[in-house]
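Everything on this sheet refers to the single structure shown next.
Per-chain numbering from 1; labels A, B, C and D assigned in written order.
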Amino acid sequence: MLDKLKIPERHYMNDGHSLRSWLLTKDHKRIAIMYLMSISVMFFIGGLFAVGIRFELATPQGDFVTADTYNKFFTMHGVIMVFFFLIPSIPAVLGNFLIPPMIGAKDLAFPRINLLSLYIYWLGGFFTLYAMIVGGVDTGWTFYTPYSAASSNTSVVPTALGIFIAGFSSILTGLNFIVTIHRMRAPGMTWFRLPLFVWAHYATSLVQVLGTPVIAITIVMLGVERALGFGIFDPARGGDPVLFQHLFWFYSHPAVYIMILPALGVTSELVSTFSRKIIFGYSFVAFSSLAIAIFGFIVWAHHMFVAGISTYAAMVFSFLSFSVAIPSAVKVFNWTATLYKGATSWDTPMLYAYGFIGLFAIGGLTGLFLATLGLDVHMHDTYFVVAHFHYIMVGGAIMGYLGGLHFWWPKMTGRMYSEFFSKVSAIMVFVGFNITFFPQFVVGYLGMPRRYHSYPDEMQVLNVMSSAGATVLGLGYVLPVIYFLYSLRFGRVAGPNPWGASGLEWQMQSPPLTENFVEVPVVTSEPYEYEHLVAKEKHLV
Amino acid sequence: MQIFGIPIFPDQASTFAKDVDALYFFIFAVSAFFALVVAVSILYFGVRYHKTHEGDIGARIEGSLPLELVWSVIPTVIAMVMFGWGASVFYHLRRPPDQAMQIYAVGKQWMWKFQHLEGQREINQLHVPAGRPVKITISSEDVLHSLYFPAFRTKMDAIPGRYTELWFEATTPGTYHMFCTEYCGTNHAGMIGSVTVLEPSAFQAWLQGGSQEGSLAQRGARLFESLACNSCHLDTGRGHGPSLKDIVGKTETLEDGSTVVVDDAYLRESILSSQAKIVRGFKPLMPTFQGLISEENLVALIEHVKSMSPNATTAAPAASPASADPAAGKPEKK
Amino acid sequence: MSDAVAHADHGHAHAAHHPALQHHFDTMRQQKEAAVIGMWLFLLTEILFFGGLFVAYMIYRVWYFDAFAEASRRLSIFWGGLNTAVLIGSSLTMALAVRAAQTNNRKWTVNWLVLTMLLGCVFLGAKVIEYEDKFANYEVPGSSYNWLYHEQHAAAGGDHSEAGAAAEGHRELSLTPAQLQNTTQIYFSLYFTMTGLHALHMIIGVGLMLVITRMAWKGKFDAEYFTPVELSGLYWHFVDIVWIFLFPLLYLVERP
Amino acid sequence: MSDHVSPVSLYLAIFGALMVLTGVTVGAAYVDLGPFNFAAAMLIAGFKASLVVWYFMHVKYQSHLTKLTVATGLFFLTILLGMSLIDYVSRDDFSGQRPQPVGPDAVIEPARPH
């Protein structure tokens, strides 16, 4: 039945071929594809800096590049990866493409604002890349004053301007999603029939809208202090550098939840689809996304336990930081329970989901170490912290992103990618990732500080292991680019529902029409209803 | 502790290092347990419930409230235990005992300056007695730094304009690492040193005995390195700058043909305003250190250069010039 | 969040389409409500944007209250009060403009909008005068800042120095003049950042209303579709609310 | 948004109230209430702001979702303001005076703000 499938002659990609039809499009799917291309470029650039860092750290003396260049490497790696890849990755690509069809809408609530968000992202990217070319910035992605305001003589203000602008792209995407999910659900699509992917993006959008402005004002204050000589954070005039850290982390901790929540949503979809079964404890998983988003706002000072905040404040924030661990644990346990008595399969997206659950669990659990006051004094700003957030960002967010990409690629392009190579790349990514970042836990507890280009000799073996793993990980990321592009031309035709999934988006043709559905769907069944899907297939066959 | 010669666990050299490590092992055990439970069960379910043929679907299990409560309440309880234990260790870390020995530390871009009450001043070196609580009051002269002793499991940021403090009681004598863990610029990775724990008697000897922080010349040597003078003034003379070996007392011919005897005044002048008298055959590359070096560092540097020419007749030091900038200047910001 | 989903009638015979109804919305009511909630979410980001500044203000006000009090006395209550009245007036005219648009009164919509823009410009004019005064008295933080400019240049005279010196005489301050030189710079840094950002938002608001007035002039709005006027009204009222908080915080720290 | 059109008289009344409250807030500044000056100023400003939100911005007549959005914004603003106070209130030098340098011979002088 599969072989007579062919690509439908009318779909959103051949609905106008001119550059104008792409650059001035209002179709959320085309905007998602343009975002996919932009953030892939940014991921490649950020990855280059990571390679530079790992080469430098292969030797204790740090003689691959000078100290200044190394400082610029890790700063640009941080800035580009955080603000230009991780924050937009799943919401702007998969979220943009899939939320309207998943809730049965023709498009997002504000299509023009969606396009504006893409242009703003490009403008922000332009300023940051301009700053990178002109000389880069060496303050670390955290821009702590007074170094960033007074001592650094690198192009801090252009980079800060780039991040300030990119922040608005994130705000507009979040705003668009919230209004769409509230006001444009198809008839019958109640809140508890929404796919968990949509719940996760609703929570992410709340954080994007409520958190991003605070880093915008923090950057304005930094820019004003550096460019005009104002004295808000200047210790010589009585200012308090710790205040900058408070304002910075008020956004930047919820920002890590912007990065991970969409990946949690993707994994809930994958686990449910590939065990052919409704997720275990749907409402608990849905509300745990909201809980993570809201608790994410009250824990920020666990980044500052040794930064000079008072003992009392440290205790309060440490206590609250444990509250965020509970919803994450609930999610992991619910995924595990979903697999029980399911009908699982080892397709590539599911491989990424397995990898995600394992690595996200380790990432989350190592967060407990850092939330514990007694340990954070020893571990703060060492490689233990670097390993922790890479387990969440790379092991979690990027594995989730790749899993989602592999799952919805047939829907986005109508083509299947090569099964064999995608499994090889999934395993390479998993293995390469663990070799790269697990030794960093050990070298971190040994006391190797962050952002050092040279380290004591006895820590060399662990660092060389990490650098070796980084090359395997790097190769693992290059493979998907190859077989995805290859599949565009030569991939097997996928048909509307290659995985037999249950979401509304799988009832559209793939690649979908510009207006998604021929006529507005009415939702009657519960989410993840596989029973009637099988019945429909039997009826068809 | 080492495996195949690779150190995988830091040595415990302070009283509360053991408490911190006990807490570390507890959380490590709990995390390993949960990680294993999750990993094993997802893989087991993945294999055990693999679909036998194409059309299979899973059992319709919506969820179960008791199970959800179990894995919400239990992690909460464990989390509270971790919090309580961590908070008590932290409270102990943050309250130095009263009769602790007081040391002052000042972080300055890319060196740590310690001052003992008895007057000793050390740069990137710290000598502490074993078996006695030591309280270090920390501040910074320019940007954020952070004083970190991995072996003592303690760390505290140095904030300009404010005092913060950390304390430890060293137990086993030896030399341990000291790092700066708050990013502070170009040579953040070079702002390291070592803390030497001495037996109380040896510490007393060190206090009275050896010159305060090694002779002035030794301190000059460290500065000669940390200010990267050695990257141009190579002994072989093939660097950007002239070789300084046996230079004191020699007469050098300058760019404009005139000659000058290399003495203290000339050395001081070529450090503070290095473009003034360039030796023939060298380009004016040397940066001026006016405002970058304090008076005592300048004297130490000159002592070091003089120590590189042992057999030179020690020319009488020229009258110290009028207004050398006494305090260590702020790094010049472009 | 349990409000009902707008029910689309399935038949293909939709009600007569209002020209402004966009393709992906089912009814005008759904489109309007989406726009208003979208605008309110944007105003949320503005609340937190200015919130960051209020955190800094709050901390430094407690740490250096005397510096804030002294520096605040240098601001003229006259201009501050006038600006507050002007902005509240412009809020009124804006509300009336929205009402006029709601009631299909094209002429009065344009009139009220023009009046609102005028009042906005008056406010900006007053701000320019105040800023000029700050520059003249070396009260702009940075290298040129000089807290004791008047004491050093007694000859310069002007009402500033006598009133200041006389009033200052009888208060004992916890900060030395040298400390005042530094810590009042923090006050003026916050003053310029807050009022500067607020003025920037005013300029954007006036620009926005220029576009809306042109659309109103061309008769684009009626009782069914006046969303742009409503949204620019929301934005303008928000900018007014920010000033309602800025006025007491900056001008009325401690007026004996 | 609603088809509800408020009468002009209501707008004028609100305008009057706002002007009076401005006068009150200026007057209150001249009365020395000690620490309560700040609280009074914020209360008056908050009340004026709620008048503008409730009547001028029509939130009174709009859907629950709009009211919820406004409430969410204020809630997270209080988190931002309130929780950063947790640190500053409990610092030992919160009394507003920065710690003066202590120690036997006034130690190596860190950059002091004076």
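Here is the rule we use: a residue touches a chain if its C-beta (ideal position, glycine included) is under 8 Å from a C-beta of that chain, and two chains touch if they have at least 3 such contacts.
Because the structure is predicted, anything quoted here is derived from the model rather than measured.
Between A-B and A-D, more contacting C-beta pairs join the chains of A-B. Remark: the per-chain Cα centre closest to the mean position of all protein Cα atoms belongs to A. As a whole-number value, the distance joining the C-alpha centres of subunit A and subunit C reads 35 Å.
Mean C-alpha positions place subunit B and subunit C at a centre distance of 48 Å.
Counting partner chains per residue, subunit D shows two or more touched chains at residues 65, 72-73, 76, 80, 84, 98, 111, 113. Counting partner chains per residue, subunit C has residues 1, 33, 37, 41, 44, 48, 51-52, 55, 59, 63-64, 179, 182-183 touching two or more of them. Within subunit A, the positions touching two or more other chains are listed as 182, 210, 214, 235-240, 242-243, 246-247, 250, 311. By the touch criterion stated above, subunit A contacts subunit C in their complex at residues 105-111, 113, 171, 174-176, 178-179, 182-191, 209-214, 216-218, 220-221, 224-225, 228-232, 236-240, 243, 246-247, 250, 515, 519-520.
Within the complex formed with subunit A, the subunit B residues making contact are 6-10, 19-20, 23-24, 27-28, 30-31, 34-35, 38-39, 41-43, 45-46, 49-52, 55-64, 67-68, 71-72, 75-76, 79-80, 82-83, 85-91, 93-94, 109, 142-144, 146, 148, 150-151, 153-157, 159-162, 164, 177, 179-190, 331, 333-334. Considering their complex, residues 1-2, 5-8, 10, 22-25, 30, 33-34, 37-38, 41-42, 44-46, 48-53, 55-56, 59-60, 63-64, 141-143, 179, 182-183, 185-186, 189-190, 192-193, 197 of subunit C touch subunit A.
Subunit D makes touch with subunit A in their complex at residues 65, 72-73, 76, 79-80, 83-84, 86-87, 90-92, 98, 111, 113.
Across the complex, subunit B is touched by residues 62, 67-68, 70-71, 138-140, 142, 144, 146-147, 150-153, 235-236, 238-242, 275-278, 280-284, 305-308, 311, 314-315, 318-319, 322-323, 325-326, 329-330, 332-337, 339-346, 354, 357-358, 361-362, 365-366, 368-369, 371-378, 380-382, 442, 445-447, 449-456, 458-459, 461-462, 530-531, 533-534, 537-538 of subunit A.
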